[in-house]
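Both complexes below contain chain A, partnered by chain B and then by chain C.
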Partner chain A sequence: MASTPHAGMRADHKAVADHDGFLRHARFRWIKVALVVCLIALIGYFAADVKPRPYGGSWYGYTLGTAGVLLIFWLALLGIRKRAMTAGRWSLKAWTSAHVYLGLALVVIATLHTGFQFGWNVHTLAYALMMLVIASGIYGAAVYAVLPSTLSSNREQLTLSQMVEGIRAIDRQLHEAAQPLTHSYTEVVLAASEESPFATSLWSRLSGKYPHCATARALTAFQNVASSPDTGPAFATVETLLIRRKAQLDRLRRQTRLKALLEIWLYLHIPGTIALIAALTAHIVSVFYYW
Partner chain B sequence: MTFRIRQIEITADGRRIARDTDIAQAELSVGRAAESDIYLPDLAVELRQARIAELSGKRITVEATGTLGFTIDGAVTLAATINCGSGAELRFGNSRISVSLAADEAVLLTIERFDNASGESDEKRSFSLAGVMPSRRWTSWIAALLILGLFLVLPITSHLTREPDPKAQVIGDGSWSPGKLSLAHHALESRCEACHVRPFESVRDAACLSCHKDLHDHAPPQRLAGARADPPLGERFLRAVARQFGKPGPGACVECHREHASAGRMELPRQQFCAGCHGSLRDRLADTKLGNAGDFGMLHPQFTPQVVTDPGNRAMRRISLDDHPRENGGLFFPHKLHLESLGGVAKMGSTLRGERSYGNQLACKDCHHPTEDGVRFLPVRMERDCEACHSLVYDRVGPTFRTLKHGNIPQMIADLSLAQPSRVVVPIRPRPGRYAAGGAYYSDFTAPGGGSVLNRAFSRQGVCGECHTPVFAGGQTSVMPVTQPMRYMMNGWFSHKPHAQQKCSSCHHAEASTSASDLLLPKIAECRTCHLGESSRAPVPSGCAMCHSFHPAASAPRSAKPDRN
Partner chain C sequence: MAELVRLAIVGSGPAGLSAAGRAAALGLSHVLLEKSDHLSDTISKYQKGKHVMATPSQLLLRSDQAFAVGKREDILQTWTDRTTALAVNVKYNAEVKSIRGTGPAIPGSIQKIVTRARDGSSTMTEVQRFAPPYAIELSSGETIMAESVILAIGTQGNPNLVRCPGSDLPHVTYQLDDPYAVLDEHIIVIGTGDAGIENARGLAEDPAQRNMVTVLNRAAKSTNVRESFATAKEPNALALVADHDAGKLTIRYETETKAVEPGWITLATRDGEEKIRCDRIIARIGSAPPRGFVEACGIEFSSSDRLAFPVLSPVFESSAPGIFVIGALAGYPLIKHCLNQGYDVVEFINGNTALKPADEPLLEAKFRDLPGKRSVDEWLEMLRSSIAILEAMSPLQMREFMLDSVVRSCSKGEVIFERYDSGSSLFAIAEGSVHVLTDPGDATKVVPIGKGSIFGEVGLISGRRRGATVVAAEDAICVEISRTAALKLQSQVPAARKAIELISIERQLLQIFSSGLTSADVAELVASARVENKVAGEVVLAEGEEGRDIYIVRRGSMIVERLIGGRPVFLSYLPAGSYVGEMALIDGGPRSATVRAAIKSEVVRLPGDAFARLLQRRPELLAKARSDMAARHDVNMFIESRKESFSSAVDMYSQTAQFLVDNGIGEATDVLLIDEKLCIGCDNCEKACADSHDGLSRLDREAGKSYAHLHVPTSCRHCEHPLCMSDCPPNAIKRGDDGEVFIDESCIGCGNCQRNCPYGVIRMDSEPPKKPSLLSWMLFGAGPGPGEAPKTWRKKNASGGEPPKKAIKCDMCSGIDGGPACVRACPTGAAIRVSPEAFMSVAHMESDN
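Right, the complex of A and B next:
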C-alpha cells in the first residue's frame, strides 16, 4: 500500500504528520469520519418509523446491529494488526486513530441499536461489556496522551535495570556498613534490604502507597537513634544509605505506579473484548435461535 | 591519602579470599591496561576508563577518562564525587568497586567480579503489572468460556434435550428474553418455547392461534393481499431480506403484535398500520364499499349509521349522515316539545317533582337510562319513562282507576270493549295545558269525529295514536312495531362513558328536533372538535384502534377493554 507512485511526493508531508500522535493523525480525519457515522445513525434513528417503539429487532435495529458487530470485529482486529508496524495510508497509526474514534462512534451505534431497552439478559450483558471495553479504551487513550512524558521524566535517563541495580548497590553497601551494629539494628537494616522494591499488591502499584515499607520503618528507627549520644559513625553511614535507598525506591515506585496506570486498562480492555465477543456471539445466536 | 585496594577472589571450592594492597598515591587509574592501578581484565572495560582522585577530607572524585562512563549506585555517569564516609558502589563492566572508609581512615576500594547473568527481562516484567495481575490471556479464556457456557451452550442443550412434557422448562433461556412480555402474556414469561416453537424459526401464527382460537380474520387472505399498497423500494428490499431469514410476511400476527416491548399492555397498532391499506383502498379494491380512511382528522368517510327505514319489518339500512337520513322507528315523538323550559311539559314535570326525579323541566336523563357498562342507552320504556305523564287510565271505579296494560293490544281492546262509555274518563280539555280538578291528568279518549272508545284511542289524538301509528293487519287493529336501536355504528365503537363530562346536547341537538324521524347523531365534523388523527395536536389524538378493531368482533376494540391479568 505504501508503494504508490506518489509516495515520494508525500514524503515531506508525511515527515510533518509523523510527529502527530494517533489522536491527531491526519488532522483528525477519523474523528470527522466518526462524527459523520454518528450523525447518520442518529438521523436514521429518528427518521425510521419503528413500531411500536424503537428496538433492536426492527429493520433499523438490525441495520445498526450489523454495523455494530462488524465494527466490533474490526476494532478487535487491532490486537492482531498492531503486531505488524507498517507505514503509509493504512499505517498502524492510521489504524489506531480509526480504532479510537470509530470505537467511540460505537457508543452511539450500539446504544441506538438497543432502543434504550435494557434488562438482566445476555443482550444487555454484551452491551455492558462493550461499554466497559470502550470506557477502558478511553482511559487508555487518555493515559497514553499524558503519562509517557511523566514516565520518562521520572526515569531521568536511567534504564529500568539501572534503577534496580542502584538499589542493589545500596543494599550491598548497607550490608557492609551495618556490620558494626547490634542485632536490633541489623534486623531493621536487613528487613529493608531484603524488601523487594516491587509491590505485590495491585492497590500499592496503582496508588503508590506502601504503608508497610521496611525501608521507611528502618529509616525512622535510625533517625530516632541518631539523636542519642552513644551512636557511632556506622549509624550515620547506615542512615545516609537508608535515605538514598528510600529516594531510589520512591523513584522506582513512581515508575511502577505510572506503568501500572498505563497498563491497567489493558487488563479490562483485552479480556473485556474477548468476553464481549463471546457475549456478542451468544446475543446473536440466541436472537436467531428464538427467532 | 592512602587507597587500600581489596581484591576479592573466589577459589574453586567457593571460598572468598581478600587481598589488600595499599597504594599511597593521590590518584588511581582504572582500566584494562596492564599498568592500571586498578586492573580490570574485562573486555567491557576500556584500556583507560577512569581516574580516581582524592579530594579534600574524606571525599574522592571519579572521572571517566575514555568515552565510556561508569556506573555509580546503578546510574551511568561520567564524573562523580563520593563521600567515603557514606560510601558508594562503582561498577566497571563486570566488576564492582565499593567505596568506603577503613578504620584507619584509608579509602577502601573493594573490587569484586560478578556474574552478569541476572535476567533483564525479568526486571522489566517486575516493572509491568504482569507480576501482580492474572494473565490477560487466561482471564480472556475463562470469561469467554463462562459466558458462552452459561448463555449459549446451557440454554441450547437444555432446549434440545428437554422432555416432551409441556411442563418441562428450558434452563437458562430467561437470559435471552430481551424484555418483559405484555400483561396479557405475562404467564408465558418463563415459557419461551410456547411461542418460539422450533429453533431458528420465527414465531408463526399457528403458535398464537393455539390459544387465540376464536379470532376472526380481518378479511379473506386474497382480499387482504389485494388491498395492501405496494411498499416503497426500501421496504420491499427489507421484506425480501426478511423472507430470506424466514420471517413470516406482512399480515402475520407478530407484524402487528410486538412482544417483549414492556411489561405493560401490548401496544395498540399504529394508525399507519391501518392506513397502509385503507388510506388508498379504493384505488386497489374497486368494489369495496368502504371509503378511504387514513387519519381521523384528515381522511375518514362520513359516518354511515344503520338506520331503521321500514318499521313494519324493522328493515335497516346504512345511510351516510351526509345524505340526511330520516329514521322511522315507528313512534311519534317531538324532543323539542318535551325539552322546552316553558310550557305544558315543563309544568307537568315540575308538578310531578314529588314522586319523580324531575326538575323544573324535563332533562334527557328523565327518560334515557344508560346501560350498566355505561357504553350505550337502554331503549325508552313506556311504563318507566313516559307513563308518569302519559297515563293509560281509562276507567274509574269508586276511588280507584283502571289502567290499560301497555304493549298488549288484544288485552287493551278487550279492556276498552268492556269499559262503560259513560264511565270512561274523558276530561274535557286538550292536552297538555289544562288539568282536571286535583291536578290529576288523564288521557284524551275523544276523537274529532267521535266514534267508539277504541277508535278514539287509536286516533292521532288518542291515547295510543298520539305516539303510535295504527295499522290494520290480519283483521285486527294494531300499532306499528317500535324499534329503538341501541347501536348505530356497527363497525365502529363508541362508548358514552368516556364522554360523561360532556352534555348530551353538545352532540345530540334534541332540543330543536320536532320529529322522531330526526336522526340525532353527530356528524364526523363534531367529533373532530376533540378527536383528530393519532399524530395531531388535538385534545384527543385518536388512532384507528380507538374505535376500530382489526379482528372483526361485535365487542369493544382492545383499546376500550380493561387490562387482562
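Right, the complex of A and C next:
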C-alpha cells in the first residue's frame, strides 16, 4: 500500500528507547549477575575448608564480609543517585534493577558471612537491620510491580489537585443546598462538607478504612428517612450531592491509599539503611578492636 | 478645508512615535494621529509590569526616543515625557477611517483588491489611485490634509464588535487589563477562544472577589470540548468546563446576546429569551486584521497570503505615492526596528538620501568574512541577481531577508550538511555548485546542483531530517535561509513559492523512487503533479474504491487502516516522505485500504497513467515498487492472521494508535510517553527536569490524557511544523541539532508561543534563585531539596526582585550528555521517549504482546 522513508530518516538512534520495566531491564541482566554472584559465594563457602567451622573471622568470612559491606554502601548510594541529576549516560532504571537483584544476593552473601552464628550482639543487630531493609525492599519492589496500573485506572486521567478541587466544588454546592433543611440535617451536612478529604490517621490512609467518615454518616442519615414532611426537593438535591461527594471521596481515598502503599516502605527502608550503616560501623570497629 | 501639514503619522506605537519625534526635531509641520487616548496602545496593553526587551541587541538604536530594557510602565513614561519635550503635535482619540488622494488621478495606477467571503466566493474591486495631498478622514468626521502619510498602525487591528441593540454602551468592553481589580460584579464574557476563557477564569478565580461570571457559548454542549470550544486550546477549554462544574462560573451553551441595557443583558437561548443581571460585558470575539483598511488606502500587498506585507520601496514608500509604511505593519515586529524606521523614514522624506539604514552594521558583519571585497549593497544585488528564487525581491526585502539568513563560503569538498542532520533551513547557491551524495555507501554517486538553484528544501517542507549529505563541488557561496525567512519569502514572493514547490516535488520524486531516475524521467510527472491540502481526518484513498493515482505525503502524516470484521483496524502510520496508492496501480483492482490524514497535511497527487508509463520505461523502478509492496503485504497478512487469534490485541492496538494521533503524536518528532503500568507517581522525572534546567520543570507528568495505561503528559512533542514558532517577534524558537524545538535567550516574554502551542506545554516563568547543594540538603536540610522549588521559597530567597518572565519549554535536554533527564531519572522505566513511526508500528505491537 505504501512505502515509508528509510527507517531512521529521523531519530534513528533512539527508535523506541528500550521499553521494559526495571524488573525486566536489559533482559534480566541483573538477575543473572546476582545468581552468578550467589553461586560463587556458595561454591566458595563449601570449597573453602574453614576450621573448626565457617565463621566471619575466617579468611573466607572476611572476603564475604568485605564484599557485603561494599555492596551495602553501593546499595545505599541509590538514594544519592536518584537525586543528583548529573549529566552522563546513566539510567536510574538500570540502577534500580541492579539494586533489587544485587540487594537480594546480599541475603546469601551476608548469611554465609555469618557462618550461621547468631547471638545478642552488635553483629547480629547489623544482620537483623540488613534483613529488615531487605524485607522492606522486597515489599517495595513488589508494590512497584503490581500497584501502578491500579493507580492509573483509579485516577481516570484526573490529577490529584483536580480531585480535591472537585470535592471542594461539591462542598460549595452542599452549603447552598443545605440552607432550607432543618437544623439537625444541616448539621450533619455541614459536618460532612467540612471534613478534610485527607486522612488524619496513618492507619486510615493505608487501609482505606474510615470508620468515622462524616460523609458516610450524613448519607446514612439521609437514606434512612422515608419521605417525611421535611423531605422537599432540597432534601433530594442534598442527597445526590452527598452521594457524589462520597463517590469522589472514595476515589481520592483510594488514590491516597495506593500512593501511601507505594511510599510507606521507604520509611523503613531509608532509616533502616542509616541504622544499618551505623550498626555496620560498630560491627566492623568491634571486630577489629577484639582482633 | 483644513490646513495642510507636511506629514501625518498614523499610529503612535514605537514606529509612529519615533517618526513624529524626528519630524518635530527637524521642525517639519506634522500631526500624530492616535486612535486611543494615550500613546502606544499595543504596548500599554501588555500585562502589568511586563519586562520589555530590547532585542536584537547588536542593532544600534537610532531615534529621538530612548529605549532600553525595562518595565512597560517606565518605558511608556519615558516616551510620553520625551514626546512632550520634543513638542510633538499629538491628536488623541483620532481614529483614521480612510485616506484618499485629492490630487489628479494617477494614470494607470489602479489597485485590484480581492475579498474572499466565508463561502469561498470572491469579489474584486478596483481602486483608482489619486496623487497627494491626502485627505485623512477621522471617525469623528474631521478631515486632515497632509502631503505625505506615514502609516504605523501595527498589526493588532480592531476587535470585532458586538452587534446588538445597546452594544455601544460604555460597559461593553473588549479588553480586560487586570482581572483581579474587578470586584463584586455580574460579568458576561462573550467569546470562547483562549482570550475569553483566560479573562473569565481570571475573574472567577478568587471567590473573595465575589464576581458572578457567565460565559456565553454559541455552540452546543458536548462531551468533546473540541466541538463545543472549537477555537480554544483544549487544556484551556477543559479548565473552563472544570470551573463551571466546580460552580466558580457559569457556561451557557447555545446562547447569544440579544440586547444590552445598563445593568442588564437579554440573552437568546434555545428555550427563548432570558434577561439577567450584567454590570460588564467583555467581548473577546477576535479581531479583524488591518489589511482591509490598508488596502483601501491604495496600498498593495505582496500576495493574498495571510502572512503577506505591503510592497515597499527601499525608503518604505508603498504603492500609493506619498504613503509610507513602517513598523510591525511593514513586517518588522520588534520595538527597536520600529523606532529606527520611524527615524529613517522621516529622514528619507526630508530628502536625506545618503542615510544608511540602521541595520547596515549587522549586514556588514554578515558579509565581512566572505571572499571578494563587495559593499553591502553590492552583495545584496549579487545574491538577488544570481539566485533564482530571490530575483523578484526589492532591495528593502533583500535587507530584511538577509538579517534572518547566513551567507556561507564553502571550499571545494566541504560538507554543507550531513544525511540525518536535522535542520529546517533552505540553501541557495549564489556561486559555484554542490553535489548531493545519494548513496551513503558510495561517494561517487552524486547529483549536481548548480548556481542559482536551491537545496535542503525537504527539511523546510516536511520538517524532517536531511535525506542526504551535500558537499561543495567547487568553491561555492551559499545562502542558508532560516525557516522563518523562507516562509516569509514564500508569502512575499509568489514566484518563489511556485519555484520552490516545483523543485521540491521533483527532488522528492527522485529521492523516494531513486533507482537511478533522472530529472528527465520525472519531468512528465512533475508537470502533472498537483499539491492538495488535507484536513485532519480527511480520506485520501478509500478502501474498495477505484483509482490509480499515486500520492506522496509532502507534509503532515497519514494513517492507513482497513476494515476487518466490520471495524477499522490500524495498519500503519505514514510520515511525510512516504508514498501510497501504487498497489492498485501495479496489481490492478480497487484500493486495498483506507488512507486518511492524521493531521493537517499536504499530499502531492501524481496521475496514475503518467506513473504507469514511467514504470514501463523503467523496469528497475517497478522492481523497487514491488519490493516496497511486499513489505506492506506482510503487514496486512500479519494483521489478518492476528485478527483470528488476538482480536482484542489488534483492536487495542488500533485504538491506542488513534489515541496517540488524537494527542498530537501525528505531528510529533519525539514525544515523552509514560507507561502507567510502571509509573509509581514519584515525579522524579519532573524533579530531574527542573534540576537540569535552571530549577524549572518543563513537564507536567500528571496532567494530560491516558489510554490503556499509556499516558501523554503535558510536554513538548517537538512538532514537525511547530505552531509555537509561527509568531515569535525575535524568532527565538528554533530547531536544534537533534530535532529539538527550543527557545533561545532572545525570548522577549511576549507569550505568543504559549498561546499558539496547541498542547499547552509552554509556560512563562522566571528563573528561581540558586538552591543550596544536594549534599547540604541531605545532611543539614538546607534549601527546598530536589525538584522545582515552591513559590514561597522562591519569593523568600529572591535577591533583588524577580527576574523577567520568559517562555520555557522542553528542549529534549540538548547539550546534556546522556540525553533527556526525565527518562534517565525514572526509577521504574515508565518514562520513555519515542518517535511516532517507531512506536506505532506492528513490530512494536508484536514486542508488546
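Miscellaneous remarks
The working rule: the second predicted complex is superposed on the first by the 263 of 291 C-alpha atoms of A that agree within 3 Å, B and C clash if a C-alpha of one lies under 4 Å from a C-alpha of the other, contacts with A are read in each partner's own complex, and residues count from 1 in each chain.
One rule holds in what follows: a residue touches a chain if its C-beta (ideal position, glycine included) is under 8 Å from a C-beta of that chain, and two chains touch if they have at least 3 such contacts.
Note that the structure is a prediction, hence the values are computed from the model and not measured.
When the shared chain is aligned, chain B comes close enough to touch A:A278, but chain C does not. Look at A:W59: by the touch rule set out above, it reaches chain B but stays clear of chain C. Within the superposed three-chain model, A:V122 lies in touch with chain B and out of touch with chain C [touch as defined at top]. For chain A, the partner touching the most residues, choosing from chain B and chain C, is B.
Residue contacts after overlaying the shared chain place A:R168 against chain B and chain C alike. Look at A:Q248: by the touch rule set out above, it reaches chain B but stays clear of chain C.
Applying the stated contact rule after C-alpha superposition, one finds that A:K259 touches each of chain B and chain C. By the touch criterion defined above, A:A142 lies against neither chain B nor chain C after alignment on the C-alpha atoms of chain A.
By the touch criterion defined above, A:L77 lies against neither chain B nor chain C after alignment on the C-alpha atoms of chain A. Contact with both chain B and chain C is seen for A:L160 once the two complexes are overlaid on the shared chain. Under the contact criterion defined above, the residues of chain A that touch both chain B in one complex and chain C in the other are 160, 162, 165-166, 168-169, 172-173, 259. Per the touch definition, chain A reaches chain C in the complex via residues 1-6, 8-12, 14-17, 19-22, 25, 80, 82-85, 87-93, 95-96, 144, 147-149, 151-153, 157, 159-160, 162, 165-166, 168-169, 172-173, 259, 262. Those residues of chain C that touch chain A in the complex are listed here as 242, 245-248, 420, 422, 464-465, 467, 512, 558, 560, 571-572, 574-583, 592-593, 595, 625, 628-629, 631-632, 636, 669-670, 675-681, 684, 687-688, 691-692, 702-706, 709, 711, 739, 774, 778, 785-786, 816-819, 821, 823-830, 832-835, 837-839, 844. The residues of chain B lying in touch with chain A in their complex are 71, 73-76, 85-89, 91, 96, 98, 100, 110, 118, 120, 123-124, 126-129, 131-133, 136, 139-141, 143-145, 147-148, 151-152, 155-156, 159, 173-180, 192, 196, 199-203, 235, 238, 242, 245-247, 258, 260-262, 267-270, 272-273.
Within the complex formed with chain B, the residues of chain A that make contact are 49, 51-53, 55-57, 59, 117, 119-123, 125, 158, 160-170, 172-173, 176-177, 198-202, 205, 233, 236-237, 240-241, 244, 248, 255-256, 259-260, 263-264, 266-267, 270-275, 277-279, 281-282, 285-291.
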